[in-house]
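Presented below are the structures under discussion, each in the form of structure tokens.
In the two complexes that follow, chain A is the common piece, with chain B as its partner first and chain C second.
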Partner chain A sequence: MTELLAGRTPGMTLFAAVVCAAASLWLLLPRGQGGRTERVSRWLGGLLGVAALVGLASTGRRLGGLGEESVFLVVSIVAVVSGAATVVCRSPVYAAIWFALALAGVAGVLLVLGAQFLGVATIVVYAGAILVMFLFVLMLAQPAGLAPYDRVSNEPLLSAVTGAVLLGLLTLAIGRMSAGPPICCRMPSKAAALAGTEPTTSPASAASDALAADHVARLGAELFGRHLLAVEAAGLLLLVALVGSIAIVSRGAADAGTAGGRAAT
Partner chain B sequence: MNALLPSLPTIVALVKIGLLVGGLMTAAAYLVLVERWMAAWVQDRKGPNRVGVPLTKIRLFGLGQPLADGLKIILKEDFTPRHVDKVLYTAAPLVILAASLAIFAAIPFGSALPPIPALGLTGEEPLLVAPGLDVGVLWVFALSSIAVYGVLLGGWASNNKYGFLGGLRSSAQLVAYEIPLGLGLLGVVLAAGSLKLDAIMGAQADSGVWYAFAQPLGFVVFLVASFAEAARLPFDLPEAEQELVGGYHTEYSGIKLLLFLVAEFLHMVTAAFLIVIMFLGGWHLWGVTGSGAVETWTVALLRFGVLSAKIFAVILFFMLVRWSWPRFRFDQLMNLAWKVMLPLGLVNLVTVAAVEEFRPQVTAALGAGWARALALALPWGVFVLGWLAAGLLTPSGTDNTPIRTHGPLDVEHELVEV
Partner chain C sequence: MTPAALLHDALLVGAILFALGLVGILSRRNLIVMFLSAELMLQGISVSLVAWSRHHGDWGGHVLVIFVLTVAACEAALALVFVLQAFARTGRLDAAAWQALREGNLPRTVDRGLPAVDTLPPTFPRLTPAGVEPAADEDELLEREHV
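What follows is the complex of A and B.
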């Protein structure tokens, strides 16, 4: 394993890391053996997972300054590890909490990359609204403990392999795409090119563009200019969903009301 | 410069964080003392006035009380019941405190400092931890929604009926009042045209009209919602010891309870900051602070002083309200959020949007003076109408008689029917 990890070509390293990730996920996913076997497989899976992380990180490129890079490393490792923990965890409530942490990591990555609005909106929408509803349901649904079918994962081998293959393909694709300057400088310049303001390609101007003062104003102009129809359609969809849910609730209340009325008469 | 040494912006940010966290924690401790004095004054008794310098007889008006309180609660036994989920039980107070401190990354605590060439600061230095954050208001909103996790997890991890029900109750309250809070924020953001809190203060200073005067309805909605988000009376169901056996922190003791209480207190301080910054002009005071860039230290200190004084006044208002209102019942609380505050917030948002949309046309047609008068008159008219409508159309929310869907005798009918 060590000579594979220290492989000469980046492709070998990536392959080894992906294999490690698949094995680690398979070992970590709850398969309901219990006892000592389970403990050993968890430890082994954790170690392999760390190896996979190191391998994947070593295939990446330097981002720039030391501070930026360390912050990026911390938040991305938080995101990846908590993402893995989300699927591996046995208790649904813990899985939801790990998911929240993964979202926080992703939001941190977005903030490092200069996509402030996306980063904060991720927290507001996912962690602040959707996941809280999940938690409500999870806590209310199983007050007496876990159901047995929640403790084992379905098809651990297939899902581990699929996940690892997806991971390798994405890493390869993104690595090829970002052959030029590091990603942190590319994304905002692409956004600016889309907005049609300034099709710049030089990293310096792109980096300053990422921290432009009117970040949100530009995003708003883009959303309500070019993508106005999509925004309106999404708003309409949400409105329909809201009206529908209220209709369902009020029908339930009306049924209960008529039942009560019958009882009273 | 050595690559391993932190750069100047990093050092400046660290110094600001240190000052802010230190100042907030000290202020929280002494605000508890102020709150107890206020309680004593309202109830016509003396309040804490004994603790002074330790081991001497110097009393100092009770100024040693926060230290004694803090030591006492830290040294108390940190008891963890056996039936709790230990990891989440420990994590919950940390989450809520971390979120309530991290909010202050985007909240300015003054205007700015003039350039200090001796330290290498050539530009004006904003008194804000993260001045580059263009989405300050959203950041505040995001982290205040993270506080729900602490409440929910604390209640669930306690593995106790009272704690769990308390957690659900207060997280429902927090989630419900986030909507009027957001609507109040949106009105201000729309009028100021920026999501940065310092830019919002600057806009109020430039025009000289605080948003509390320009958007009275939004101000009331935001004020009520921030009382509810901070879980202060009359919305303190999360921690109602008397009739609801506490709330999500029923099982907590010692330093973990202290973390929860400090976080609650910081929520109130945050709410006071936001009310002042967004609606009461921030550091601006007519004829005193001026507007625009900070050139001298006098202006910088004046603005800092004005902002602090306003925040202190709002906190005193919070404390006075605590002893003036009885607690809401849960259905009244929810009725207020969904049937009163949400429609009023929407009405305010539409009014602000209309004012901002037609301001250029009105200015072109009638002149700047008339445009300004109309921009003030329209929101106040809407405010009066909205207030009247809310008062006339929703009387049942203030009715304190118990709601009975069945009369006392109907039970027998039901039994017969079944």
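What follows is the complex of A and C.
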């Protein structure tokens, strides 16, 4: 059925999916209503979101079969659905938890793409460190219950339409690129272009290179060989961010202390 | 799954994540949720970079994603410090609390009255009293309801 839909009028399907995505995001975003209206609009938004997902998937290629495809389908749906829940969730704590699930989905996508180190690093660095930091700040700063600013959005209709149109354009561009001739597979490396020879890495050997057993060793060799200066710069950036954040915090505390002292005297 | 199909689907996932993050950062007012949306956009970019890297058989995408992780960690540290400072000054995690910094020709964000969250009290069935009223037990009258 999806093939029929996509085969007949892919443009119309894409348009309908984009409209569905916009309506769904608009319905799901907090707009300050309450009670039954909110519940109905949430259900409607969820249904429309599922319809938009089906439409977007059918404009792509038919997803099916077992193995890599189904794993990719599952992890990408986890990533996309929990990403949407991150954006539309009223409570920021729930949004952070949904973001953790989105990170798990993204890590799964990276694993399917053969980036083992990056998949694990995403979980460790994002879910383990950055997200926990966000949750600490939420515990420090979040008032009890839902704050009024969590229940309303800035221009929900305009931003939902903006995001959906951007998504439609990107889907269109990606579909055209994959429908066209595979010129992208033959990008010569700089050294080969300088030497005037054919590129030695064909896509097949490239895939086997990325999926090699010593994947992490090769990635490390690339990182600390060709990109050594960038690694040093990144280390400097981390140090500056650390020093800067400590300086800002301690200065803010000092200001608060002098203000409190002034108030006391 | 052919490499082209994998590239197509991964780019699609990256585009969806990026668009969702864009919607979040445009519309949400909680500072923390805005930063979470920015991180979601970074995740979409990471997926696209790794997909291209796999397609071309080049390590550049992987290396770029590692630097994205690094910069995201720095950004989160500094952003959370600023959020904490902002919270210490205004007592709210609200982006509109800083709307005095907006452009002069933009209207002021005003919160209208919001309907209450639907926390209805539980309704229990009521039975009509019937029969003879039993005599009150004197021991029960002396008991406390809560210890």
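Some observations on this one:
To be clear about the criterion, the second predicted complex is superposed on the first by the 199 of 265 C-alpha atoms of A that agree within 3 Å, B and C clash if a C-alpha of one lies under 4 Å from a C-alpha of the other, contacts with A are read in each partner's own complex, and residues count from 1 in each chain.
Simple rule for what comes next: contacts are C-beta pairs under 8 Å (C-beta built on N, C-alpha and C of every residue); 3 or more make two chains touch, one makes a residue touch a chain.
Only a predicted model underlies this, so the values are computations on that prediction, with no experimental measurement involved.
On the superposed chain A, the two partners chain B and chain C both fit, without a clash.
With both structures placed on the common chain, the touch criterion links A:Leu228 to neither chain B nor chain C. Partner contacting the larger number of chain A residues, of chain B and chain C: C. Shared-chain residue A:Leu47: touches no atom of chain B or chain C. Look at A:Leu236: by the touch rule set out above, it reaches neither chain B nor chain C. Looking at the shared chain after the overlay, A:Met139 reaches chain B, while chain C stays out of its contact range. Of the two partner chains placed around the shared chain by superposition, chain B and chain C are both touched by A:Ala121. In the superposed model, A:Ala129 makes contact with both chain B and chain C.
Contact with chain C, but none with chain B, is seen for A:Glu68 once the two complexes are overlaid on the shared chain. In the superposed pair of complexes, A:Val216 makes contact with chain B only, with no contact to chain C.
Once the two complexes are overlaid on the shared chain, A:Ala100 sits against chain B while remaining clear of chain C.
The gap separating chain B from chain C at its narrowest, counted between C-alpha atoms of the superposed chains, is 13 angstrom.
Common to the chain B-facing and chain C-facing surfaces of chain A are residues 67, 117, 121, 129, 140. Note for the complex: chain B touches chain A at residues 3-4, 6-7, 10, 88, 91, 132-135, 138-139, 141-143, 145-146, 148-149, 152-153, 156, 164, 168, 171, 175, 178, 193-195, 405-406, 410, 413-414, 417-418.
Those residues of chain A whose C-beta lies close enough to touch chain B in the complex are 66-67, 93-94, 97, 100, 116-117, 120-121, 123-124, 127-129, 132, 135-136, 139-140, 211, 213-217, 260, 262-265.
Against chain C, the residues of chain A that register as touching in their complex are 25, 29, 32-36, 38, 56, 60-61, 63, 67-69, 72, 76, 79-80, 83-84, 86-87, 89, 92, 95-96, 99, 102-103, 106, 109-110, 112-115, 117-118, 121-122, 125-126, 129-130, 133-134, 137-138, 140-142, 145-156, 158-160, 162-164, 166-167, 170-171, 174-175, 177-178, 182, 184-185, 187, 189, 201-203, 205-207, 209-210, 218-219, 222-223, 226-227, 230, 234, 237-238, 240-242, 244-245, 248-249, 252, 256.
Of all residues in chain C, only 1, 3-13, 15-24, 26-30, 32-33, 35-37, 39-40, 43, 46-47, 50-51, 53-59, 62-63, 65-67, 69-78, 80-85, 87-88, 92-96, 109, 111-112, 114-118 touch chain A in the complex they form.
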